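Next come two complexes, and both contain subunit A; in the first it sits with subunit B, in the second with subunit C.
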Partner chain A sequence: MATIVVDGRPYEADPARNLLDVCLSHKLDLPYFCWHPAMGSVGACRQCAVKQFKDENDTRGRLVMACMTPAADGARFSIADPEAKAFRASVIEWLMLNHPHDCPVCDEGSECHLQDMTVMTGHNERRFRFPKRSYVNQDLGPFVNHEMNRCIQCYRCVRFYRDYAGGADLDVFGVHDGLYFGRAGDGTLESEYAGNLVEVCPTGVFTDKTLKRHYARKWDLQTAPSICVHCSLGCNVIPGERAGELRRIRNRYNREINGHFLCDRGRYGYEFVNDERRVRRALAPHGPDRSADPLDPNEAIARVAPLLAGRVVGIGSPRASLEANFALQTLVGPDRFFQGISTRDKRLVDTALALLREGPSRAPTLHEVERADAVLVLGEDAPNTAPRLALALRQTAGVVPRQAVAGIPRWHDNAVRELIQDAKTPIYLATPVATRIDDLARRGQHAPPEEIARLGFAVAHALNADAPPVGGLAPEVAALAEEIAGVLRAAERPVVVTGTSCGSEAVLRAAAQVAWACGAGLCCVLPECNSMGLALLGGGSLDDAARALSDGDTLIVLENDLYERTTAADALLARAGHVVVVDHLAHATGARAHTLLPAGTFAESDGTLVNNEGRAQRFFQVFAPSGHSIRESWRWLRDVMNAAGRAEAAGWHALDDVIAALAAARPDLAGVRDAAPSAAWRFAGNKVARLPHRATGRTALHADRSVHEPRAVPDPDAPFNFSMEGAGVELPLPAALVPRFWSPGWNSEQALHRFQEEVEGPLRGGTPGVRLVAPGAGPIPWWRDPPGPFRRREGEWRVVPLHHVFGSDPLSMLSPGVAQRAPAPYVALAPADALGAAVVVTGEGFAATLPVRVLPELTPGTAGLPVGLVGPLPAVVEVKPA
Partner chain B sequence: MTLAFSQSARQRFDEIVARYPNRQAALLPVLHLAQQEFDHISPEVMQFVAEQLGVPPVKVQHVATFYTMYNKKPVGRFHVQVCTNIACHLTGGPEIFAHLKKKLGVANKGTTADDLFTLEEVECLAACGYSPAIQITDKKDRETPIFFRENLDSLPKVDALIDELRAKAKGGA
Partner chain C sequence: MWSALRTIWRVFLHLFEKKPTIEYPEVKPKLPPRYRGRIVLTRDPDGLERCVACYLCSAACPVDCIALQMAEAPDGRRYPAFFRINFSRCIFCGFCEEACPTYAIQLTPDFEMSEYRRGAMVYEKEDLTVDGQGKYPGYNFYRVAGLAIAGKGKGEAEGERAPIDVRGLLP
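So, the complex of A and B:
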């Protein structure tokens, strides 16, 4: 540690950091634009100027840019120096020359970094009397709005989009006062990380287009800490609500997982919460037209409770919380609780969990993946199944070349990028089809899952002779395995990335074997947001449920559409005497329900999700839905149990009681309790206010019903109030309870540094969440049975599931923008197999005529089908000309 | 319209690309080559260059729009660039520019009806010592560009220069 002097006071500083970073870490106000904590310094905006002095006798000093100046031991600076202040004021005056005076109607107003910095600098009077420069804006697609007149040329957008996220369709054009940041022409931004521009842009050039449709100011949004439900990574998010409508999703910094960025599926997938297909009232559909009058909640409970006297089978869901699944498991008993996923999916997830628990390899966090010095990706199309992981891997690519850079500090972003050019960390990719991160790979292979697994097993054997060899490898594959093994062996922090998406247990096992053989981290992508939690909870598959269900039994389906999971849904539902569906969306399964109970979405309930690394994370209710019908799934199940006179749920008054019951029943899951502070947590006797203290319209919003301010809905489940009353975010809240990032003078998300011990460090109080899965301590459970090579069979095509970031997740598909970005159903075939423009695909109850997409890298004898777009996928199909 | 390099330009392209460790690095000289070959850098030419070098089209647009010496629109045979930056401003650049606008009957960046002259006001030409400076390129004779012939300290000298160029064009040179 070094000591630097700022305005006469000594501060501790890490000499490897720059002065701006150190000042912000010490919570000193210093304005800046182009510097970004995740992207380093380029010294473009000249806003963070400070005075540097040679020694204590130097009174004149010289102006330096804080972001470009190392915090060297003994260095002396002044932020308050009059010359430095005047310089900063003049810089902001230049930047504001052309900036429109449209703050009151600008989408960014209330969380504009430019606004904050202008106020901080003291520039408040306009001297420039000439016409302002103006631009034509572009239509950038359904997610991002473009308003170029507001641009201050900080270059953050292209640095993020092009340099950080690898996008190829956004750049900067022109020169001097005519700079233009945009695409070559109108058109949707292609990158699945484009939505981050909304947060990266320090002003309102790029704003959230979905928010624009139902706009509310940041200070009017009710927020709570939440977890993304659109993939298994568990990115931390901040959903914002006003007047009963979810308005947007923002990133919630978690150093170990999502850092500063989200993917567009996570950011824009929220609109299902507001969808008109929501189930908002309890229903008992009857008659041929399934017409239904709404039921009073008590009526609905009275209708279901007597059924508990008979046999009840429960089907849970990997998109429901641990608590909801546990409530159903309690209601039906562990023997009659089923996971609501196909046998194949269950085997995959169970295998992944077993490999993480029984083998010695730990699941790395995304932050650790970003710091790996060698990576092998086996089978997983991360940009489509876990986009934030793919973004992390793009950063991994820079790790090794950056390590080798000597004499230039790491934060000196442009210089370091120029120096390393195209050099990359060794990353090897083996996937069934090309992925959008193939450009990162040193070498790789596109092959069917068996061949990917065989490559993995061969790498493991090359690394460790205890792992069994693979017979009959092609010489070039054997050579590739040797090369990969050599790289992994030499690495200090190797990581193996795999997952369930290519549908192969052998691939998972091969990946684990490689990780075990070289002591690598094992990052395993799972299908859904709580796949891991459900696997930990246990229970059979849907096929097991069909076997357990006797004719006439009651079937309770929790937050699940069985028609997405199995082609046998019709048969299963037809045999049940009474189908109870607890869900927030109307879907095919709900249409078959005898009783439909309206559940809260993630934004209207609290609970715990377990991500792919086994981290239990709590999401908190953002808003109280209007009316009294919608309630948390676990509450419906509790009410039914209580009405039936069952004792188990008698003490379940609040979420913490359910968690306590879960911890008592399952000591291995007791860690869930510590995922976040309980509802009893208080700061000086106060809960945390979900609404900012500047929220407006408390009475006006309800004035059509009553001019009296309504009493806030009580919340027994969480240490939050549905109001402005209570502890604000300026207080030192535990990391898991931070509902938004704001600090006096720092209205944008740039306030984040006020919530960290130091820039890029974890949130104060540590990273939220608790790991429920730990590596095994026993001997390495080598898999001794690598699969044989892929052999094409006549008249048979092996199905390779192909995932789409927009399209394969059914919840996000209810967002119009996501649906617009999704591909139409298709079948992918190798050139040799393409029998025409469209083909008939049949097999295992699957039948469809689909247009053909020719993929040159696909192996003949395999057929790629898009997950989520054509119904449940068979394992093998027949393809005939249409 | 599909663009293609002539045989000699293709050969030159290969030579240029061979000079650099990666193809993107050849972008600037290849754009100059393309400007000679296709008259100016239209969006189609940017697309063509992007394909030739295997870089994203926005990258080419990024570079081509940054440098003012790549013409994004057609220019006349003689591209007359008049500096009005500080040194030239003090020694009569703006007067020359105003005079030429009147004489040629065009606005800034305009081209005469006979397609002979394009007039443009530019920032520093790095010739302050000869100020006021004019730079003229002749599309038909790129090897010998007309730079700063002499100190253009009076408007008749400018007129003479323009007349000389007209005569050159008329004479078929």
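So, the complex of A and C:
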């Protein structure tokens, strides 16, 4: 640690960091634009100027850019120096010369870094009296709005989009003072990370287009810490609500997982919460037209409770919280609780969990993946199944070349990029079809899952002779395996990435075997946001449920549409005497329900999700839905149990009681308790306020209905108030309870540094979440049975599931923008198999005529089918000309 | 004795003074235009809604009695889908008028707002909007803003240059 002097006061500093970073880490106010904590410095905006002095006798000093100056031991600086202040004021004035008179109609207003910096610098009068520059905007698709007049030419957008996220269709055009940040022409931004521009751009050039349709200022948004429900990574998010409508999702920094960035599925997938297909009242549909009058909640409970006297089978869900699934498991008993996923999915997730628990390899966090020095990706199309992981891998690509750069600090972004050029960390990719991160790979293979698994097993054998060999490998594959093994062996922090998406346990086993053989981290992507939690809880598959269900039994389906999971849904539902569906969306399964109970979405309930690394994370209710009978799933199940006179749930008054019951029933899951502070947590006797202290319209918003201010809804489940009363974010809250990033003078998300221990460090008080899965300590459980090679069978096509970031997740598909980005149903075939523009695909109850997409990398004899777009996928199909 | 008589004489003289008391409500007081009474939403010189639904008045309001929702018309103009003032809470401080960047919201010299029912003190946009420009004639926010609306493209605002030709290479 070095010591630097700023304005006469000594501060501790890490000499590997730059001065701006150190000042912000010490919570000093210093304006800046182009520096970004995750992207380093380029010195483009000149806003962070400070005075540097040679020694204590130097009184003149010289202006330097804080973001480009190392915090070297003994260095002396001044932020308050009059000349430095005047310089910064001039810079802001220049930046504002052409800035439009837009704040009132600008969606960035209320969280605009440019506004904040202008105020911080004290520039409050426009002296410029000449005409302003203007630009024509572009239509950038359904997610991002473009208003180019507001640009201050800081280059953050292109640095993020191109350098950080690997996008190609956003760039800077033009010359001198006419620089233009946009696409070559109108059109949708292709990158699945484009939504981050909304947060990266310090001005209102790029803003959230979905928010614009129901705009509210940041100071009016009710927020709570939450978790993304659209894939298994569990990125931390901040949903914002006003007047009963979810308005937007923002990133919630978690150093170990999402850092500063989300993917667009997570950012824009929220609109199902406001969808008209929501179930908002309890219903008992009857008659041929399934018409129904809304039931009073108590009537609904009274209708279901007597059924508990008979046999009840429960079907849980990987998109429901651990607590909701546990409540159902308690209601029906562990023997009659089923996971609500297909047998194939269950086998895959159970295998993944077993590999993580029994083998010696730990699941790395995304932060650790970003620091790996060698990566092997086996079978997983990360950009489509776990987009934030793919973005992490893109950062991994720079790790090794950066290590080799001597004498230039890591934050000196442009210099480092110039030096390393196209050099990359060794990354090897084996996937069924091409992925959007193929450009990162040193070498790779596109092959059917069996072949990918065989490559993996061969690598494992080359690394460790204890791992069994693979017979009959093609010479080039054997050479590739040797090469990969050599790289992994030499690496200090290798990581193997795999997942369930290609539908093959052999691939999972092969990846684990490689990780075990070289001591690598094993990053395993799972299908859904709580797949891991559900696997930990246990329970059979849907086929098991069908076997367990006797005719006339009551069937309770929790937050699940069985028609998406199995072609046997009809048969299953028809045999039940009474179907109770607890869900927030009306879907095909709900249409078959005898009683439909309206559940809260992630934004209307609290609970715990377990992500792919086994980290239990709590999401908190963002708002209390009013005017209908929506409740948390576990509350419905509790009420039913209590009404039936069952003792188990008698003490479940609040979420903490359910968690306590879960911890008591399952000591291995007791860690869930510590995922976040309990509802009893207080700051000086106060809960945390969900609304900012500046929230407006309190006495008018509901005045059309009643002039009496509604009482704030009490919240027994969380240490938060549904009001602006209570502890605010300026107080030192634990990281799991920070509902938004804001600090006096820092209205944008740039306030983040006030919540971190240091810039890019964990949030104050440590990263939230608790790991429930730990590697095994026993001997390595080598898998001795590598699969044989893929052999094409006459008249048979092996189905390769193909995932789409927009399209394969049914919840996000209810967002119009996501649906617009999703592909139309298709079948992908190798050129040799493409029998025409459209083909008939049949097999295992599946039948569809689909247009053909020719994928040259696909192996003949395999057929790619898009997940989530054509119903449950069969394993094998027959393809005939249409 | 003398002092008492003088006092009586003085009081008597007051009979001939000009009376400051106004016989309200028979006689209406004449209030200056900047008196802070009932709030209105005004229109721009083209007769269109001035309010752009920026939420600044509601943020400035110390009793939080203004609520609105922004919406965007097909022509690109932003407007409040609803705009509600709960006058039973309003303290007529005028902060909203000061905060308003478009001169849309203005306080007027009308203070006669008694009602038997508090609910009747809740004014919606239709109740608040007047036809004129109020105290600030001539100002049209969209003519100076950078946002394009139908009839005013990029570069056509006051004090704006024609849009940059991105493909131009001239120095």
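The rule is short, and it goes like this: the second predicted complex is superposed on the first by the 881 of 882 C-alpha atoms of A that agree within 3 Å, B and C clash if a C-alpha of one lies under 4 Å from a C-alpha of the other, contacts with A are read in each partner's own complex, and residues count from 1 in each chain.
In the analysis below, contacts are C-beta pairs under 8 Å (C-beta built on N, C-alpha and C of every residue); 3 or more make two chains touch, one makes a residue touch a chain.
All of these numbers come straight from a predicted model, not from anything done at the bench.
Participant: Pick one for A:Arg217: touches subunit B only (first), subunit C only (second), both, or neither.
Facilitator: second
Participant: So, A:Asp171: does it touch subunit B (first), subunit C (second), both, or neither?
Facilitator: first
Participant: If you count the residues of subunit A that each partner touches, which comes out higher, subunit B or subunit C?
Facilitator: Partner touching more subunit A residues in the overlay: C.
Participant: Looking at A:Pro82 after the superposition, I want to know if it touches subunit B, subunit C, both of them or none. Which is it: first, second, both, neither?
Facilitator: Neither partner.
Participant: Which subunit A residues come up in both lists, the one for subunit B and the one for subunit C?
Facilitator: Residues 173-175, 180, which sit in both footprints.
Participant: Where on subunit A does subunit C make contact in their complex?
Facilitator: Listed in rising order, the residues of subunit A that touch subunit C are 100-105, 109-110, 130-137, 147, 149-150, 173-176, 178, 180, 212, 214-217, 219-220, 243, 694-701, 703-704, 706-707.
Participant: Within the complex, which stretch of subunit A touches subunit B?
Facilitator: 168-175, 180, 183-184, 421-422
Participant: Considering only the defined contacts, which subunit C positions touch subunit A in the complex?
Facilitator: Result: residues 52-56, 58-59, 61, 63-70, 72, 78, 84-86, 88-89, 101-102, 118-119, 121-122, 124, 141, 144-148, 154-155, 157, 159-169, 171 of subunit C touch subunit A.
Participant: For subunit B, which residues count as touching subunit A in their complex?
Facilitator: Spelled out, the residues of subunit B in touch with subunit A are 21-22, 43, 56-59, 61-62, 65-68.
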